[in-house]
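Okay, so here's the structure we're looking at.
To keep things simple, chains are lettered A, B, C, D and E as they appear, and every chain counts its residues starting from 1.
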Amino acid sequence: MAEVINDTSITKIKVQKSLSPWAVARRKFLRNKLAMVSLFFLMTVSILSFLAPYITTADITRVNIGSMSLTPSSEHWFGTDKSGRDVFTRLLYGGRVSLLVGISCTLLIITFGTLIGALAGFFGGIVDALLMRFTDFILNFPLLVFVIVLNAVFFGKLGGVPVLIAVISVLGWGGVARLVRSKILSEKENEYILAAISIGSRPAKVIMKHLLPNVLSTIIVQATLTFAAMIVVESGLSYLGFGVPAETPSWGNMLAASREPDVLQNMPWIWIPPALTLVITILSINFIGEGIKDALNPKSLR
Amino acid sequence: MNNFTDLQSQPPLLEVNNLETAFEIDGEWHNAVDNVSFQVKPKQVIGVVGESGCGKSVMSLSIMKLLPKGIGKIRNGDIKFNGINLEKLNDKEMNKVRGKDIAMIFQEPMTSLNPVFTIGFQLSESLHNHFNISKKDARKKVIHLLDKVGISRPEKVVDEYPHQLSGGMRQRVMIAMAIACEPKLLIADEPTTALDVTVQAQILELLQELQTTNDMSIILITHDLGVVAESCHEVIVMYAGEVVEQTDVVTLFESPKHPYTQLLMQSIPRMDQEEEVLASIEGIVPSLKNMPRQGCKFVDRCPKAMDECRSITPQLRESSPGHGVKCLLYETSWEQEGMKAK
Amino acid sequence: MLKYTLRRILGMIPMLLLISIVVFSLALSMPGDPFGGEIDPNNTDPQYIEEMREKAGLNDPVHVQYGRWISNFMQGDFGESTRYKMPVAELIGERMPNTLFLGITSLVITYILAFVMGMYAGRKPYTTADNLIGGVNYLGLAVPSYIAGVFAIYFFSFKLGWFPFSGSVDITLQNGSFEYYLSRLHHVFLPAIVLGALGTASYTQFLRNDIIESSRKDYVRTARAKGTPETKIYNKHILRNSIIPLITFLGFDIVTLISGAIITEAIFTYPGIGQLFLDSINNRDYPVMMTLTMMFSFLVLFGNMIADLLYGIVDPRIRVD
Amino acid sequence: MSNVVDIQHKEQSPPLPTNHETLLEVKDLKTYYPVKGGFFRRTVGHVKAVDGVSFTLKKGETLGLVGESGCGKSTAGRTILKLLKPTGGSIVFNGEDITKIRGGRLRERRKDFQMVFQDPYASLNPMQMVGDIVSEPIKNYYPRKKAKEIKQEVMELLNRVGLPDDAYYKYAHEFSGGQRQRIGIARALALKPKLIIADEPVSALDVSVQSQVLNLLNELQDDFNLTYLFIAHDLSVVKHMSDKIGIMYLGHIVEIADKKSIYEEPLHPYTQALISAVPEPNPKKKKERIVLEGDVPSPENPPSGCPFHTRCPVAVDKCSTIKPELKEVKPGRQVACILVD
Amino acid sequence: ACSNGEDEAGAAEDDKKETEGNEGGEKAAQEGGTIVYALDAAPEGLFHWNWYGIQTDAEVLGLFDDNLITFDEELKPQPNIASWETEDNKVFTFKFQEGVKWHNGDELTVHDWVFSLETLAHPDYEGPRYTNVQTVEGAEAFRNGEADSISGLEVINDYEIKITFDKARVNNLLNLWTYPMNRKAFEGIEVADMEGSDPVRRTPIGTGPFKVNKVVSGESVELVANEDYWQGKPKLDKIIIKVVDSTAVTGALQNGDIDVVSVHPTIGKDVEAMENVDLVTAPGLSYYYVGFKLGKFDNEKKEVVEQKEKYADKKLRQAMMHSINREEWIEAFFGGYGDVVNRPVPTAHWIAADNDDLNTYPYDPEKAKEILDEAGYVDTNDDGFREDPNGDEFVVNFSHYATGNPTFESRAKALTQYWEEVGLKSTLEMIEVNQYYDMVEKDNENMEAFFGGWGYGADPDPSGLWKSDQLWNYPRWVNEESDQLLEDALDVEIVGTDEAKRKELYVKWQQIVNEELPMLFITELQEIYGMNKRVGGLTLDVSGFNSAHEWFVTE
């Protein structure tokens, strides 16, 4: 056990501080090899992607007629695509967009879902009824279908990634809200909430200090799942041509190249890298999620 | 409770010798039941008491060979039922014994019944497992059994699901299931702990009645000394996986010998007397991992502990006929042995 | 039960109306209309297009258009496809069987695979086979269906030639003959597997975990104490409990399958609802698009209801009368 | 109003000798839980968890409340502390009617009455350090108090309930059930309340640990001059702890009296059955057990008339129609049974 | 298409010859057999000429229903089932071949044609083809319900009909609808219901070499040989028409799962490299261009009401044309299966002007720069890009439509790069295709320079796209001389029936357009088909495939 020595002036005695449940979870997580490897991979991909402009100087939009569809070489690690653009560079930039969309959607969805779910769950009654009706309403729109329809509506008018993120997020938070609500409801049943009220804590404090920390683990796990799902949604939409605008590189857009038969069969270097990166990224996120779930599992806390 | 003295002379129905059951925790095996021996005579009700976690359930599961696969195993000792060595039997043969010769009921009537099958199904399954009986006959028998355990409207209850019954009724169903094949031995693992006193009284009453009518032996596991006093002939007191005291019920309550037993009896508030301060046992039962390897396991909590208690492991000895105690206080020979050891 | 069902159905109506308003306003705010697009001057002229716009009522005020649409909709008249020039209902009716067939096959495959793998892994957890199944599952969860589809075509159709890569049936076969159905099955197999991959993976995982959990339940111990043989315990006592949530997933599956079909059908050129939907979006075929969007939303509602009802039917604990 | 309370607080600091002043008076308390049903989640019925409970509690006294599971003991306790909204009746605490007060005023009152909960696992926030758990009430009411002082105070409290110093920095999951219950007690004591409602504080504990907690509670009562409402389903425990005992059945108090009379001369048939059902650790003593038939009816649709008549061995026809009132049959003894006079 | 790489150029040449001049003698024909004809988009299933809407449906129709007339390699009409005579371009006499049978056994007569034309002119007919009978005398009256029949249709006998148009026009014949309709099949079906009726959708019949045996909606069609085909019994037993996703095209071709398929230029090279597949090409009829918005059109008034200044300078447009390396661009994005074009008329068309008579705008960035300098587009603030003559910033805002196709973006981007190379700052906006044409048509402010494509039919008249009073004159180009020439070319008084005279006017017109460049002509694409080597007897020219009864498969 890592010992934290506390010698503040108040006590003047050396006290062995216990690990908080979060610290315990962190330690357990750090010991999970699969999760750590996944985390390492994800970090690498993210860092490379977000530093893409500093790593390569190539203009990703420039079409190079002279160097189209080149096989991988020392100059172009993953070859070039049919527009003569370096696949590796595009992979990095694509990761930027795909991860950005994934993260933004996840953040929005989780924030909004948690907010709605927490309010509904904590206050109950009419607030709950109204919010949940609204959530049900949103949940009735099948995500893929409506993102496609909405994209057809908005694209060109506002254009691009922000709209996509907004559309996905607006349609996506319902599940999280429901989950958080039910979790809050069950957590609310615990006597420590009653105890907090009985010792005179205000509702805001009860939510912030007692309820949220205890549902946070659920939310975090849900966030990882959402993150993976959102990356899939983005790439799937882009693959179908309803996602990120074609001129912006994203993993889905890069993969869409495989819809051309010659690329699919004869130029695997154009689509295999994004496909593999995508699959491994999602795998990693899933493993990280599993890891977090295990680490936060209260059964193993004791 | 019938004639108690008769029992002594008969050959035992169940004989447990040096039973050791261990669990794997973090790659190491720890004994949850340690060197337990006892006998159950026909028609005898034997009570097992002890704090939570002292190995009562593990012991009974060992007898039934129902330990969780992989993480729990019998390390040592033998269990003889009617002369048959149970731990030599394979799964199939054991299945023939379970439910038929030895039956068991559990603490949690709420979760011990499968929620998706009707009461009738679950009861008759027991019959089908052991007898070649037609569905119709089984149903008749089931209704009869339900009636026997005091459930009103048994014809209706057979077709109901567990969630439609109250806790007391479920425990009755469990009992009906256990006695369906008229076993010779019934192991009841805290059958009333989850129930209210009034219902507990009903269940205990029922068990006693069945014991006499069916000529069963019962191993009654409980942590309630009151229940033991009312229902048992013979008592085993367990602590940390070991039997620390064993004798007939009257002796035990009149002259408990082991400090643990004594404290236990003084720590419960009683209806019939007024006590200002209750005795209490300081500390808690050590967990399996932190169990002392040597010496008396109760030593850290024992008000009468001596230095020797830490180094010398006491044995279960008869301090008086039929009264076994596992404590150095009652061992006369320890001093010499201790000398020898040094 | 009947009363409950009826109440549930009635409760769906206001929701559907709200959805219809959303769907309609979406269609309205879409850029372009079905009469725009690439125009072939040899076939059409601007006047004709204007005439058609007028005729289709695209020049009427919004609320009039909505009123007309919704009242027709309620009467089962979904309008006429501007692309296929036939009633939408008929068009959907033509494609529906394909998607249904795909969906049902996918479900059957999903459930069979999930059962076999999940049961096995759950019974023998932490063995090599279990880890293998687990690995396959993780892949199933991580590989998006369009990647899986592309790979599947690449290997199983082109490289190995085991399965056809497009269509729903070999046209040369006599309708209704045995070979005909065999051919349909042959055609649907690959897309069905791809469509069901995600479900298979998550159900297997679910079943495995549930079985492991159930096998530690008190009632399993009770069954053992009765002398019930191990196989019967797994196949009856545990399975029955694990199946309950799985069956209720069926309701939600309807939705997953339909929206999953959009991608899968596109990749396998399988003429079903999903393909029709993409087509209608790409061609601004409003009547089809709106009807399908409504249908999908309805299916979500319906699926949730089915899930609820099924839950009530299969789980005796919450059986409603 | 709040001034008065502050003054009282100061005055109260030195332990006052127990006098027979009434601290709590509960009259005809009712708490119903709505039962939701149908698609629109309307209220379709009520669980009458507490249906007319009245008693008075004097300063320094302990009232034990016993009854079978589900008879409304916890509900009653929580309602009295205003953790639940009473459906009817009144609660007068320390001369003030607190039935209707809400918000800030209620919060201000809360420091005078505290609760010890049944489940030592669920009643402590797993994400908080023990120090934080125990200091939270102090921080809530004395936000200006110095951290150092608070810590000092909490350390003392922890010591008082028998926990080691280093417990301050530990988390609840590192303690055994009995120790957790001590933490819960320390939290309840932190504000130096007048009344503590202990809701089955030992029912989740082992016998050996149970006695530790019971002894502790008894010691604290003397030290802090506490008044207890002690809830339990174990008659012998209640008898050990209480001066007066109320027997609850299906949301009603059927009998209330000092513990001696209850044990020696139970008047209500239910009390009689209850007492006879308690197994005694004395194998030689043969008791005549009154075994009741059936189970407690559901509080959602309680039987008409006397709630106990469905299981009562001596019930007469009238019992199913006439709802008996709790009335004084002897000085200090109240019984709700038409057969008792 | 060849087994060893060394000889690739030669072999490719051979292929071309073979496919162009192939008469089937070289390959050993097999009796019967089946070929699979793939479509890369689902047909809509409107299998009748009078209602079909998209090319895929037409491809199917072409296999089982014959046109009364056909077109030669220059797109001039040729007699097929019907031959015609006219003196004045107003009254035509058509003579039908006798003994032509419908698939249902009926004989084809002129009544079927009359039936077809009356259907088109019927007030309930909602399809787009009324314009093709509108010019027949009495069609208006018939459509308005004032007459029971079209007075211009005069049946002489079963095989002869006289058709009178409302006035003499040069293109009356080309405009006329020449697809008959089987009367029996449509018996009892109201005109309004015909579109969704079985003879259109499920059991279509025609007079062609193959009969529709079965239709699986949206996926495949089975055609079987028409033993009684008027040009002789087809050699094949069956043609299976099957929809194949474009992703699967090469794989399927390679595996021999499909025999004939139209391939996208980008995969032409791959198909060419397959050992078992021949690539068949023919000049196409469509061309791509970069248009400029030169004004604003008022659709009510039918005139261009406002001039836009940005691209008004012809020199600017010419410089932009010079700066594009069209050969390279076509090679890069169309696999070379296209040709540079300098006029709005496909080369194969008989009215096409010879390149010698036109400016060819070769790729010449230096020249482009020179012209720009001359026109005053110089870099005054040294940012590397040219400012306009007023010294204000000048940016070519280029728009291109977006579908899901990723190559669109890069090919458009490549164009902007060419302009940037000569110092014209450029931006690119990809706009969703449906919205795109809406914006183009409505002269949306954001549309300045835009990419587009037009298809060309048999009728050489380009008025619909180029006259200043036409909505589809997207550049909003107003040129009186051009308008006049287009009118003259249709004027019987001026050209009569003299094709040479007509062509002369069109050439003149093309020269004007070529000089003025209201749009930059980029390329005309070839039609390319992949064809399994076992298929023979199939030829392709600008007017499409030869009659399918000549197709066969080898052993």
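Just so we're on the same page, a residue touches a chain if its C-beta (ideal position, glycine included) is under 8 Å from a C-beta of that chain, and two chains touch if they have at least 3 such contacts.
What you see is a predicted model, and the numbers here were worked out from it, not measured in a lab.
Path length between subunit B and subunit E in the touching-chain graph (shortest route): 2. Counted as hops between touching chains, the shortest connection from subunit A to subunit C is 1.
Centre-to-centre separation of subunit B and subunit C, using mean CA positions: 54 Å.
With centres taken as mean Cα positions, subunit E sits 48 Å from subunit A.
Taking each chain's centre as the average of its CA atoms, subunit D and subunit E sit 90 Å apart. Counting only residues that touch two or more partner chains, subunit A has 152, 156, 240, 242, 258, 264-265.
Residue positions of subunit E touching 2 or more other chains: 247-248, 251, 254, 403, 432, 435-436.
Chain contact summary for the complex, subunit B toward subunit C: residues 64, 66, 68, 91-92, 95-100, 103-104, 106, 108, 111-118, 122, 125-126, 129-130, 161, 163, 174, 177-178. Contacts from subunit C toward subunit B in the complex involve residues 216-219, 221-230, 237, 240-241, 244, 315-317.
Listed in rising order, the residues of subunit C touching subunit A in the complex are 15, 18-19, 22-23, 26, 29-31, 138-139, 141-147, 150, 154, 158, 255, 258-259, 262-263, 266, 277-278, 281, 289, 292-293, 296-297, 299-301.
Remark: subunit B residues 51-52, 152, 166-169, 196-202, 204-205, 223-231, 249-250, 253-254, 263-265, 267-272, 275, 277-282, 284 touch subunit D in the complex.
Taken in their complex, subunit C has these residues touching subunit E: 30-33, 36-46, 48, 52, 55, 83-87, 90, 94-95, 150, 153-154, 157-158, 161, 164-169, 171-172, 175, 266-269, 271, 275-276, 279, 282-284.
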